[in-house]
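Shared chain: subunit A. Partners: subunit B in the first complex, subunit C in the second.
Up next, the complex of A and B:
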């Protein structure tokens, strides 16, 4: 099943700082909920492992993440696909845009994703809420990571 | 009628174990050394299987084996089959594509099994399954049956161009077209008969054991027909010779058709048990049932009914696209053809009928028989058209029906069925009276005063049951005969065991079959045991589906009882020192006509076994007889259901407020059980009409795959039913039985939708008529109540 999500976050950091952190595997790994590893495989590619729980389905996803449409420091597209074993699969992408605003940076995103297998079968009613929460958690973590207070 | 015999509302013998938790289902059975199997299923609706890496999984704790579809293919076993060959209009046979029990190379629906893990425990098997890496290459999927045959649609099977299984037809196209052309009025409707998930209470299960010493396999299986399962697995899959394969169907918790079929899982369990040298058990989880149990219905239909100036139906033309899913299940070909088009005359004299059916593959779970199997779909077509026609013509729908009813029997329809007996006026008249049809206008006004919309709908349905005359179904393409067998085994003390090839999974055979025997032999039902469901115990039989167990299975018992009685009379004649022709058997007693000399049933039974008093050179000792009964025609149960609904226009919610069912099932053995069958059938039919909906997204993901999204009917969705019967006996079997198992599910969807469309004043709404769907119709029609 397919879904789309959009959102905006006002981040307390400069556009360049936000851009740098968005390209830093260590920051991304710390911010992606359930991410166990995120290893750079090329300039724009990563191998990722993340455990995700949606309703009754919990699965460890292994997959590839790649960056494209790079437009520093204005944004990029981050795409990924992962196999969650018997839980099914997920694939999708997020277009991220950065605009300076109010002394910080406004990050806006559009996510398009598809899931299949048990996740789609059992999680249908939960998936939008759960996905939104994963996105919110990610950006809350990310906002924290880019804020000047953080080390 | 005796206290426990035919016609008595005896409580079910089997319910004691069912309601005290002492039933014995497949999952309750455990064998020494047993392992658990877990099926790894495709999350894609359509995908190439490029590679499966099992190395890590094989090293996980407790794992006894990890096997893929490739390995299954290497053993060169046969495919699963569809056992009924349907020919296209041009005479070409249906395109039955290969269906391996484990997919190799390509997965064709979400849930298609591609590999298995066998381990000491289910938890270990699941953990190891997480380590199996399947490299899929997703392919475009086709889901909508209306688009499956379109140019450019993804091809599922090489052997079925355009995803088309057959283009079949029945009836006279020219005469029907002429009838439509010359009609005074033509009613046209298009509808979708929604796809249903069967949802038996007990999920499917299989336990397979291999005995290396004898080279034989035993399969415990939640199946409706153990002998047919054995035959297919032995003769077509080639798992083992028939005499080396025992199939046991213990207590089975509901089937509704979905446990007729031979599925991949039982085949794989047998294969794996031999591979690992241990018993292997599988019990479906509910989410597995949703994506592997054969679904029901799924028709897209356009139909036209022609009327003359007098309101007589002069023709019916139907085109249906039937979605059979990714593979052809065991009886899938027959459901939208011979079990569908042959019933399109309904209870009416329709001189010309023409029906075309295109069956297609899609990347969805296979579709096969589900309670009613083709007949609910046919009834829906006919009864929706008649009701809509009555509205368009401005005629009372009851009157229009009466005008067109078949009145003289036997009646040869224009779609092959030969109706043997019935009285459609009687069931309609009784239903109108019980329902207080005359009071509807008043009730409607009351509803309106309360801000509610009220509607009434009829379904005067017919079904063909008692499947089936063997030669006839053979001509139509069936791979088997559909007779039934029975053995009546009298013990020396006079108690009786009945062995039947039917199988009960909720029908109450242990009670009704015992009632038949008790009635005939003058026994209590406690003296009669009914044995079924084990190929080692019971002679060959065809199982239970299509409301056949009464009409066909009990007729076989009657035939065996005839033989038992004939032999017992011979023995009684010797015991009573009288001529055989003078022996009268009545109420459990053998009497010499015109004398007071008699022998009780028990005395004769004992006499048969001690064999002291008759010449064993002429009469064999013992008292045990078997019979095979082949019906001469289908049976034709029919009836009238009336549904009344009330709709809240604020929310769109439809409430079924009253229900009247007057059915003609012929002879009724146990009225309580029959009433229960009607209740259950109506509940399922109301479920289809109002609640149940199987939804795939356009990628082939089942998004209504759990009870969070798939709504089953519950008690509060149903009113208290008024259930009654009229009786015309079926002339083609000795008991006059017609069958009752499917009637409710056949009548109900049409009755509900006729009531809802009556309330809404539009025909344009499909099943399920959920609150949002009704609200949308009302909103579009601008009938929404305005704020004061």
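Up next, the complex of A and C:
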């Protein structure tokens, strides 16, 4: 099943700083919920392992993350797809746009996600909420990471 | 199912120490969410710690103005308990509306609230009555306990031992069931105790159980379904799926809250 989520965050950092952090594997790894590893495989590609935990469900996804439509420092598209074994598959992408605003940067995103397999069949009543939580967590973590008080 | 080690401690101390030693371990407190998930291989905890033999975790008692229910008390035992029925009839009734008979004979109050499924009934009861959740380490107010979809204030090695409910003057629960799963598409619990009014909603919010302060304020003036006439809540942040849109759920919150208040004051539902 497919779903779309949108949101925006006002970040207290310059557009260039936000752009740099969006391209920093260490920052991305720290922000992707449940991410265990994120290894660079090319200039714009990463191999990733993430554990998704939603209530009693706990599934490890292995897959890759890639960056495309790069338009520094205005935005890009970050996409990922993963195989969770019997749990099923998940894939999705987020189009991220950065606009300078009020001395900081306004980050807006549109996420499109698709989930299939057993996880989608059984988790039907929860998938929307869970996907939104994962997207929210990622961008909330990212907002924290670019705030001046954090290293 | 993946292989796992099964522990059956006899004391709370043993259970807590097993849990502290095994980071990936899961507590088994009825198992009607966890075991189906494990059978489908959507979870594979290496260790299961069954709480059913731990002494002193089950039971229902009233002392003064509160009703205390042990964490391992099964839904059916709450439903049929004369003590619970007499002290908080609405609570005993909710326990009889959870899932199906198999779930009610195995599922426990502690298991339900520790899981905090966004469609479960007990979280609405705890929040709607202003319960206190008691663990092996501390006491947590329901308002602080439920922190979002499937998440609670519980620390990794913390175990719920009992739940204490202040006895309300009036209370009722109205649930709009999903016909297939028997989970609440929307459920609303209302209570009145002195000047304290609570309205708690499960099933509707994408972030789990929540209170509706605008309804509570309106009911403070007069505890009657009329006080909520025409009121609803914004569809923002409501769940939306094939069973019902966010707008539909927001609408149901108003309808069910009015019905719950009517039931609480002994009038037939409007």
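The rule is simple: the second predicted complex is superposed on the first by the 149 of 151 C-alpha atoms of A that agree within 3 Å, B and C clash if a C-alpha of one lies under 4 Å from a C-alpha of the other, contacts with A are read in each partner's own complex, and residues count from 1 in each chain.
Note that a residue touches a chain if its C-beta (ideal position, glycine included) is under 8 Å from a C-beta of that chain, and two chains touch if they have at least 3 such contacts.
Source: prediction; values computed, not measured.
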Which superposed partner A:120 touches (first subunit B, second subunit C, both, neither): first
First, second, both or neither for A:2, with subunit B first and subunit C second: first
Touching partner for A:130 - first (subunit B), second (subunit C), both, neither: second
Which of subunit B and subunit C A:58 touches, first, second, both or neither: second
Residues of subunit A that lie at the interface with subunit B and also at the interface with subunit C: 85-87, 118-119, 122, 124-125
Touching residues (chain side subunit B, partner subunit A) in the complex: 40-45, 110, 126, 129-134, 136, 287, 290-291, 697, 699, 701-706, 708-709
Residue ranges of subunit C touching subunit A (in the complex, touch as defined): 26, 33-34, 37-38, 40-45, 115-119, 148-150, 178, 181, 183, 206-207, 239-243
Residues of subunit A that touch subunit C when the two form their complex: 54-59, 85-87, 118-119, 122, 124-130, 132-133
Residue ranges of subunit A in contact with subunit B within the complex: 1-2, 60, 83-89, 114-122, 124-125
